[in-house]
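First the structure, then my questions, so here it is.
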């Protein structure tokens, strides 16, 4: 649950975007779950699992503030105090269905791991990944290896110009998995695809369900993003 | 005045005692002065200069709290934000006089550098160095290379048993340079040696004379340890 | 036997208690370690009806501190009694109910109901929550109102009442003396300092509630000073909190005059922190030559104080 | 011309001012950089006679904060006028005198003498120093006393008077309104929070004075909240302080409603900090699309505010 992991690589993969791999043996990790990572700040930083290979976990993170800057400065061999895996991930049992993955910016990382797992299970997926511009795009080839992949950029510098909602409108699928900024999630949650699962972000305290920092309104009361989510059936939450 | 220096070595040399060498080119450093060192704590940590060789400065420090623990964990190649050299050192123009150096514990380091400088100038010195026990003793051989050296330990496990005041009572000298705990400084300041210079420690804020944190009562008003000292003529201060 | 602390209604096997609002109702932490190792547990605030609390964001980080504006989210006192206390009753530790409200009547009703449950050993009267519009802090900044509320809740509660003091006052000793005179059995202090953070990109407060309560190591010096002052001003015991995360922080509060210590924000940084502190206490007492932890209670202001 | 700030008596070329007590009388920092780059300088507190202050230790570190109990050490108002102001007058920056005392009479006398010196452009009335037995904070926690003192000093001073508020009060807005009504030209806030640290080995307070004033990043959330509240309650300008060490901290206080910012403790961590902030401001304003720094004053509570 809480352990010190060793950093095995930490490199820039796009503008202000880093990929970090850590060694963390003996943990079963579902796609869509996250780790709560200690920096010198008081509160931990939640990061989704972007991939798992053997006992190596990959995080992909955008450098936006003090905590992520500190992570970006870490060197191979340094250790990191992490809590996790936390939360509930995407439902993998989608046999016979067609799954569309819709990711925006820093919401893309968890979709890579879930796509890999679905691919291993023989489930067909199509990915729509939105970025602000070409310099922000990462993991495009890795995604293409696993199936059809549509890239959009807001400024049109790569792939289709505009937002992910445009290609989404023409895609046929039974299930939608999505992660990204709130505005995007709102839009995709309204899509006519029958089953829609979205992964939500919120500022967190404990990360384990005890402090009520991360709640989100739900049709019946509320849910806690950290322990009830971060992945929810879109019907379960009010964005 | 303020610069980032690179650590070239950092090793344990006695119980809870570390020796750190940093590269700091192009600075003239008088013995008895100190550097004010940034750690992750808010206030800097003052450390005396224990030696200077070329552009390498040596600090010897006891690991007692958060700041010094953090320093002890630094690796070769890491940089350190330092302010210095600060303060006024020992008066070196002692030609023809015999200087006794009296150090206690973590007050020993600055006496090494001053002895080296006096030795280079051909001034005769005798050192009396007090420690609590054998495991705390450091730099004994280095001191012996520069002249007569008497070690005392409180528990008698090495050298003469007891305090530095015992051998001091039998030593003939014109000038006394001393650095160590307040109780020791009080005792040696009362010695019959005609000229007595002592280096004082006090909790510091700014380290440059602006905040009045480090004052010490003086016959006429007060002195600031950081900028008027840390080395004072024993007559100038009231301990 | 060197860590036990006897306080009104509470037989603490050690002086370490998770603070209210930072430990939920224990369920999440019970998956991490056996809650029976704890001296006690201060559960999340209870109000008469269930409350959703404030909109999000509800937390923001500051330099060695955090701001929160949860807003007393809780399922309501009856749901707590029915759904949360049975689970907590399975542990060998003292459960302390945190009671909140918008009106004196609500405080009284919540205290009456929850104190009647045998799992509850004491009531913590939360007159100091800065994150709710009415109730909460207004009772905690006026000695007359605080005393009146204490009297009412004391009359309604079947268990000893500890009043939780707000640090956002000119004189914490006036507040402490007032609630002591009104019959409080003990004090818990401090609640959070009122603070704010503004987003530099937008220029707007980060918390949806705009202001929030500051907790964590940043506030410890204020908490220690207040405990030190209050311990010398009253004769009822103090459970201290504010920035505790190490065994030395615990000792600092005991030296300042506290009889036990609650751990809040540190549980977020390290969910095992209470367990680690409890494990580390005996060796630290040995190193300092302290026989029983309360032998040094109040040492910061007196040479010798007897156990409370 | 995008950083200048016009305040009563003060033409600040930029809103960055070293805080009183953290910059001495400028002599030490003048060796490090040209003081003429500064918007102004708040010099160390002046009392009628010279004072030695409190015994040492006078400072202790806390989590992202520090405690100080200097105790208003200063050479006395006449020595300051004769020995310190001539040097300060050689710089092209606005000098603000910090005035302290034990009695109203002393405050008045110090303000009268120092404000008469042409080097002094404004007086900062220090009614909030927590580290002296009499005077200082008692004037700063009672609105009636604070108003009375403000009135007296205002009558004696030939320069605008800024009153420095203490955060150790239940209602900072009551204090602010009281001194505004008494004629204060502006406010400076906040002074330090009262705090304490205890040595774990000895069980005794680390500061010889036992309690001290807490400053530094730890208190910034409290300071921002208070500036935010007071800026909406009064019509006089605020010079804000409390934990500033970066250009973003400066903006946070301006968003909260301040017109200028003082930098205290951060000068100890980095004696070049004021220079670095001033150098960094233009680029940061560019990045945020801010034309003049005061265009965003009070943005945290209002969408559009005019320059003060």
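By written order: A, B, C and D. Residues from 1 in each chain.
The rule is simple: a contact is a pair of C-beta atoms (placed from the backbone, for glycine too) under 8 Å apart; a residue touches a chain by one contact, two chains touch by 3 or more.
By chain, with names taken from UniProt: A, B = Dihydroorotate dehydrogenase B (NAD(+)), electron transfer subunit; C, D = Dihydroorotate dehydrogenase.
It should be emphasised that the depicted structure is a prediction, and the values quoted were computed from it without experimental measurement.
Enquirer: What is the graph distance from subunit A to subunit D, where chains are linked when they touch?
Expert: The fewest touching-chain steps linking subunit A to subunit D number 2.
Enquirer: Please identify the chain with the largest separation between its CA centroid and the CA centroid of subunit A.
Expert: B
Enquirer: Can you work out the whole-Å distance between the CA centroids of subunit A and subunit C?
Expert: Roughly 36 Å, centre to centre.
Enquirer: Would you kindly tell me how far, in whole Å, the mean C-alpha position of subunit D lies from that of subunit C?
Expert: So the centroids are 34 Å from each other.
Enquirer: At what distance in angstrom does the C-alpha mean of subunit C lie from that of subunit B?
Expert: Subunit B and subunit C have C-alpha centres separated by 46 Å.
Enquirer: Going through subunit D residue by residue, note those that touch at least 2 other chains and give them in order.
Expert: Correct list: 62, 64-65, 216-217.
Enquirer: Indicate which of the five shapes (line, ring, star, complete, other) describes how the chains touch one another.
Expert: line
Enquirer: Could you please write down every pair of chains that are in touch?
Expert: So the chains that touch one another pair up as A-C, B-D, C-D.
Enquirer: Please output the residues of subunit D touching subunit B within their complex, sorted ascending.
Expert: Touch residues, subunit D against subunit B: 21-24, 27-29, 32, 44, 50, 52-53, 56-62, 64-66, 68, 70, 73, 216-217, 265, 267-272.
Enquirer: Please output the residues of subunit C touching subunit D within their complex, sorted ascending.
Expert: 62-65, 67, 141, 168-170, 193-198, 200-201, 203-205, 210-211, 214, 216-222, 224-225, 228, 243, 248, 251-252, 255-256, 288, 296, 299-300
Enquirer: Taking the complex as given, what residues does subunit B use to touch subunit D?
Expert: Contacts found on subunit B: 1-2, 38, 41-44, 83, 202-217, 221-222, 227.
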